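Pasting a structure below so you can have a look.
Going by the order they are written in, the chains are A, B, C and D; count residues from 1 in each one.
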């Protein structure tokens, strides 16, 4: 099996509700699949005051990356709400690598943050 | 017991004293509790030139996240002072995951930073 | 052999296509070589929808750092395209340390992000 | 002995030469000493094209943090030059925790980045 980890944690998720200037506020869950097989990535979302939103999926082809916009994910038509603090668990059907980045364009001049997701071993 | 770690370190804490523009300067200690039990998180604060401020607590329900604003914490009525460099030790009563983020809105256009806290094993 | 790791992963690569203001949008792959020998660093790039771009190299002398601009890398005259999401694998001929930083100067007021690359063991 | 690590690596060091607006461009090496003894921290600096600058030191009292401005360090009167890419090795006389943050105030509206330093085990 390819190297990497199958379970990654991102405690600080947040989709900024406002955008101004040239760019759109967004978050990306960036996944690298170095294996020779397609990997299905499942994103489970945990909130502060409501039940988890589980089982949103995305496919990452072999030897490819996908920079998944969190706002594009859905499970049964349900999306991650904007403007709400949440946390993510990212599970690969095979080992992958995961980084999380956020562009906040609330103000016209942007702010960026990024972390490597935390690998669960 | 659920996976995760019980002791996490954040060496660079700082609550920006000034805000301008649309957003409020703040720091968040983002905790994810994947277990089936409520976890009590204890935050201990260490300064450059005074005694530590120990034993501030917050509860994180099972299968929930909390994005704890550092300015909201207190122990016996004492808060983390703004505009002062400090460091944090975050201890869970059971394993959790911890990320630290800061929004600096000193200037109207914001700056963001984020790190995964350092897990002590 | 010197300490460090030989394989590092950076899932979130992106060269911002626009610059304004005083500074130039760019990414840097920052490599530290603490050994007594020159290390050859090979950068392999993975995309969302095309074949990988493999085998771009840079040399890091002993006891030196190099902050490699991703836009300066090439393999057979081919460069990493701007404005395209990608991911990187960084392989040292001997152990090194790798950090990734991006300056986004799309707007005149800049945004910065940085992560330690993920070490593969 | 207290937990933590004695050797930490920060590959992307850079002191922005310009400041504008309310805040001063700077980097901080943030050290937390959870032990009961003072720890001496030694910072060794590696450049792209000159000999290393070794042996700059700072003291961190027991149960204290220090957010060390890199521009304040010196060894025999020599300082880290501004506007030059470099890398750091941080060595504690006993285990500590280390995070690195940079505020870039080249433009009036600031940019922030932060990483946990990489622990060498």
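Going forward, a contact is a pair of C-beta atoms (placed from the backbone, for glycine too) under 8 Å apart; a residue touches a chain by one contact, two chains touch by 3 or more.
Chain by chain, the UniProt names read as follows: A, B, C, D = Sensory rhodopsin transducer.
Given the structure is predicted, the values throughout are model-derived calculations rather than measurements.
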{"item": "Shared interface numbering between chain B (Sensory rhodopsin transducer) and chain A (Sensory rhodopsin transducer) [over half = same, under half = different]", "value": "different"}
{"item": "Cα superposition angle of chain C (Sensory rhodopsin transducer) on its copy chain D (Sensory rhodopsin transducer), in degrees to the nearest 5", "value": "90"}
{"item": "Of all other chains, the one whose Cα centre sits farthest from chain C (Sensory rhodopsin transducer)", "value": "B"}
{"item": "Where chain A (Sensory rhodopsin transducer) and chain C (Sensory rhodopsin transducer) are represented by their mean Cα positions, the distance between them in whole Å", "value": "22"}
{"item": "Residues of chain D (Sensory rhodopsin transducer) whose C-beta touches two or more other chains", "value": "108-109, 111-116"}
{"item": "Partner chain C (Sensory rhodopsin transducer), residues of chain D (Sensory rhodopsin transducer) touching it in the complex", "value": "7, 9-12, 14, 18, 46-49, 51-52, 85-87, 89, 102, 104, 106-109, 111-118, 120"}
{"item": "Contact footprint of chain D (Sensory rhodopsin transducer) on chain C (Sensory rhodopsin transducer) as seen in their complex", "value": "3-4, 21-23, 28, 30-32, 34, 63-67, 97-99, 101, 103, 108-116, 119"}
